[in-house]
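Take this structure first; my questions come after.
Order of writing sets the labels: A, B, C and D. Residues in every chain begin at 1.
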Amino acid sequence: MGIDAAHYHPWKTNPGGKLGGPLLGAWRGVAAVVRTTLLQLMRRKAYWAIYAVGISQFVVYWVVIYALTQLQLPSGTQRGMLNTFGFSIEAADPQDTGYLDFMEQQSYVVMIMLAFCGSLVVGSDFREGTLPFYLSRRLERRHYILGKLIALVGLIWLFTVLPALILFLEYGMFTTSTDYWRANWRVVPSILGYGTILGVVLALWLAAISAYLQKLAPIAVVWSSLFVLLGRLGFMLSRETGIREWVLLDPWKDLRLAGRLCFGQFRTAGDAQLSATAAWILICVSLVALLALIRRVRAVEVSA
Amino acid sequence: MSESTELTFENVTKFYGPVIGVNDVSLRVGPGITGLLGSNGAGKSTLMKLASGRLKPSLGEVRVGPHAARSSAAKRLLGYCPDVNAFYEEMTGREFVETMTRLYGYSLAEARRRTQTALERTGMADRAERRLKGCSHGMRQRIKLAQAIAHDPRVLLLDEPLTGIDPGGRREINELLRALAADGLTVLVSSHLLAEVEQLCDRLVVVVNGRILAEGTLGELRNLLNDEPLTIRLESPQARLAAALVVALPDTTHVTVRNDSVILRTRNAPAFFAELGRLVAAHQLEVRRLETLDSGAEAVFGYLQRSAT
Amino acid sequence: MEPLVDIRDVSFAYGAVRALTNVSLRLEPGTVGIVGNNGAGKSTLLRILLGLLHPTSGGGTVLGCDVRQSSSQLRGLVGYMPEAHAVVPLLKGVEFVALSGDLYGMPKRDARRRAHEVLNYVGLGELRYRRLDEYSTGNLQRLKLAAALVHDPKLLLLDEPTNGLDPAGRTAMLRTIEDLIAATGKSVILCTHLLADIERICKQVVVMHQGTVARAGTLDALRQHTASRYALRWQGPREPFVAALQAAQVSLDFPPEHAAVPSTEQHALAVVPTGWHTAQFFELAGRSEAVVVELRPEQEDLEQLFFRVTHGN
Amino acid sequence: MRTARAFLTLWLLSFRRLFWSIGTPMLLLPIVACIMFLVRRNYGASDDPVQAFHAFSMFLLTVFASFLVPLCALAFGTAGLGGDREDRTLLFLFIRPLPRGLILLAKYFAALPLVLGFTVGSLWIFCKLAGAPGRAAFDAYLPATLYMSVAYTSLFHLFAALVRHSTVAALIYAVFMEVLLGNVPGIVKRVAVNYYGRSLMYDAGVEHGLNAPDAQWFDPYPPADARTALWAIAIGALVAAWLVFRTREYEEPT
């Protein structure tokens, strides 16, 4: 046996360890794409720098919640501080917007990070001929797209949903009874809902843009135009013309309104009216992005 | 035909940080085709980059004719066909060669004329209107060659020009290089495909671990190996007789007979072959096949490599 | 025995560009080399055999799987080593090979275990924990071979496996492939411009030309056999020996001459008259102060075969 | 003579490649968005000319100066030299008889007209569309636009000469230095090119009716000093890039 070590060994399958059938095999492929994509990102130092920026905000919220539940401050001060961060002092007040505010603020960091990772995660597959490698295994187009999207959504959740849920747990733990969790259980599906909207929409848009533009500079130009320029223009238009609908030009605003739809909380009544339109805008643009992405992947399969 | 220009390395050493790429190399490359042989990482590419003036030697001097390799005067005398497969992809082959030629400062008409000539010589004249992005590997290699010869250089450097070329293309490029060498050009071809270098080159330079191990014609290199034992196979219906004859020769060792063939080793190949000729003629031995099992550039290279380490 | 490949009248066009025209091919299990100039349709054929592209017309089977329908099942039986760089940046060697296994549908742990095994086999044992960015060309080629072997396929499709390798790397790669064939009886389809590789490894050859199969069959059957031709190499002066041979009715053919340096060695192709005794070569050489150092009955090699088929000479 | 012709060829080559690069259509997207905004908003129809000038100036300050100008420089500034580095085509230039300093200058002067063309051109279009307030605004803000464009272009060329992934570096710089630090109150914002440009714009705009900014939030630099600072950035960065590019070896060991 020792002499034999250098020779080729056929694959001796463990019980149940064969190549999966079409369904199982494809699922394993998708999981591998997801794992690999996340791994690639985490090997980049720039990613950790951005994650550190993102998580610093989480630390602030953590400290605030800790301080407010533990310290005996004069009640006026405490109430004021809590309100600044969107939490209320009464354990069971359903008007908490702290989690929502937190996720909204996190999404700025998410946007910057996505601008950087689009060319690595999707663009380079197209630019350097890695896509044919994926597709020459037992992966179909749809599995590749699905895998990349899941990875991107997971990445976005690492910045938003996960820390928000941790904050929710923290709040409940420090109030020493389970009342907080019981009274506010609706927060959890709301966080998940907002996270899903944020994840799916951003992932689809980024994947489509990166598949066509591939390199960092053009991706950054388009991405920042979408999320910075349109926001500023929409804001000025709505303020100067007095027509509120103009704010919907801003994808951030749309995402935020859709998020508030999940939480059922709006700053103003106007926001509540706009939120359904905002959701429809997101759905339509995302569908266009998905179709564009599929088209692009198909083109590579035939030509490369 | 203008006068010949030599490429000279004088005690050249090149470091990349702590890594040594080329270690105290002195070399003169004159007209004709010289092959630069070495395995990956032996320093071939570094020598090419030094000769083309893209790198500055850490120690020593590289000259093209009388000029330092990094001077503009040297670059006018030099044509370079790089190994990287990179282009301005959106251009057509003709545009690319023409632009590259104009960077020597030719007028538009002159650059056009030279481009046309270069494309004709590389067999691309009728296919040069295609965008480089859509060109096959072989076509791209020829375009690279065309941009290297369009300004009539006196020294031509080719870094792995035959990698990935199909058999038809290989034949044509070899013919072109021979024609250029016949015009008195100094041509330096780096390669690790030994069989081709053997066919193409007048002289060989073998690089190992950043140093020059040997240089000369293939024959000269082979003569260097005369001290090395050589394995020879002789096929004959009278194999036993043949074996008995060669065993008697002074430098023969390890004679084995299997069916119709005799395999033997000799320590002195020239003497062996001369004696063998006489014996065969004298005994009217029928020889179906006589060959050296470990000759050819590949074997020479292998020997040199082994003796270096 | 089930044929390895059995396709009939397969055509493929990229838009208006026809890449393959009515290709019919039947190959037995074993080793097959595909040769052809660029644009002859080799890579299109490979992609059709792999089920990546569906033929515009025609069809057939590979390893008994229909190339039009069961492409997922087919790719589970075939290991493909692409020509392109095609690695995932920032991964380590073993992760890349395990990823390949995952993508073939292997269970995750099996893929990981198997990745170590095949990496050892192709000789990358010590490099497996390094990042792919640090791999040399030769090691990348071995890595891609490992990635194609990971799920123990019945058939290996190798596209230019020795491209860019130095002699040592090339020999090692060819040895690995030979060993693999000998030890496991896997079938291999090898696609390369280096005809010597095919001659060394493959029993069957497919010569492609302008989108069609110009010849297909075993190499021995395709070779043109010519008796009474010898390749001759000698040391010593050229003229007297040549004259002596010509006087003895031997017609000589010289390979293209090198430009400058006169060599001490000469070689020629000799066509001998009937009743020739090979000892005469040595006799004539001895008289003209030449020493014969090589004498080989000339056999058509793959390169000559290729040019005869594609250029008609 | 031959060198001059070669230089012109390289300049033309670089200019053409940049002009037809993907950056051009991508930049048209935000510009078209701004044009649509201005058409919809139509400052010229406003009753109060001073108020209209102020509103239009705010558009130029928040959208044009602090977003569009850096974006234009980003799209063309690193792409010329950095693109050649990333695509490994730089070697084709290094083997021609052109001094390295001239290669850098050719790249720089190829990018500069494009950046200026896009910034000045879009400023001109915006001012035309704005009507009455635009006429005064163009003359008032043109110098600041020119200064900023040149300074950014030089800076991004320095990035391209220094680091391999110059686009990443430029983007990080643009996001963190220009957007984040450029907009925080206090003295920190002096690291941003943008700050000096906007100081000049405030100085030029106030006499036409732009409200002076809240000094707590944005304390403008004196115009003469701001001009000096922008000149210093432009020339300093270019000289640094020139020095780096001349001596550096853009090769990796194989």
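Points worth noting:
The rule we apply is simple: contacts are C-beta pairs under 8 Å (C-beta built on N, C-alpha and C of every residue); 3 or more make two chains touch, one makes a residue touch a chain.
Because the structure is a prediction, the values reported are computed rather than measured.
Listed by label, the chains that touch chain A and also chain D number zero.
Think of each touching pair as a link: the shortest run of links from chain A to chain B has 2 of them.
Averaging Cα coordinates per chain places chain C and chain D 55 Å apart. Our note on geometry: chain A versus chain C, Cα centroid distance of 49 Å, whole angstroms. For the pair chain B and chain C, the distance between mean C-alpha positions equals 23 Å.
Under the contact definition stated at the top, the residues of chain B that touch 2 or more other chains are 40-41. Under the contact definition stated at the top, not a single residue of chain A touches 2 or more other chains.
If touching chains are joined by edges, the resulting network of the protein chains shown is one closed cycle, each chain touching exactly two neighbours. Of all possible chain pairings, those that touch are A-C, A-D, B-C, B-D. In the complex of the two chains, the chain A residues touching chain D come out as 46, 112, 115-116, 213, 215-218, 220-222, 224-225, 228-230, 232-233, 236-237, 240-241. Chain A contributes residues 5-11, 13-14, 16-17, 19-20, 22, 24-26, 28-29, 31-33, 35-36, 39-40, 43-44, 120, 124, 128-130, 132-140, 301-304 to its touches with chain C in the complex. Per the touch definition, chain D reaches chain B in the complex via residues 1-6, 9-10, 13, 17, 20, 87-89, 91-99, 249-254.
Taken in their complex, chain D has these residues touching chain A: 22-23, 26-27, 29-30, 33-34, 37, 40-41, 55, 58-59, 62-63, 67-68, 71, 74-75, 78-79, 165, 167-168, 171-172, 175. Of all the residues in chain C, the ones that touch chain A in their complex are 14, 50, 52-53, 72-73, 75-76, 80, 82, 84-91, 95, 99-100, 102-110, 114, 117, 120-121, 151-152, 179-180, 183-184.
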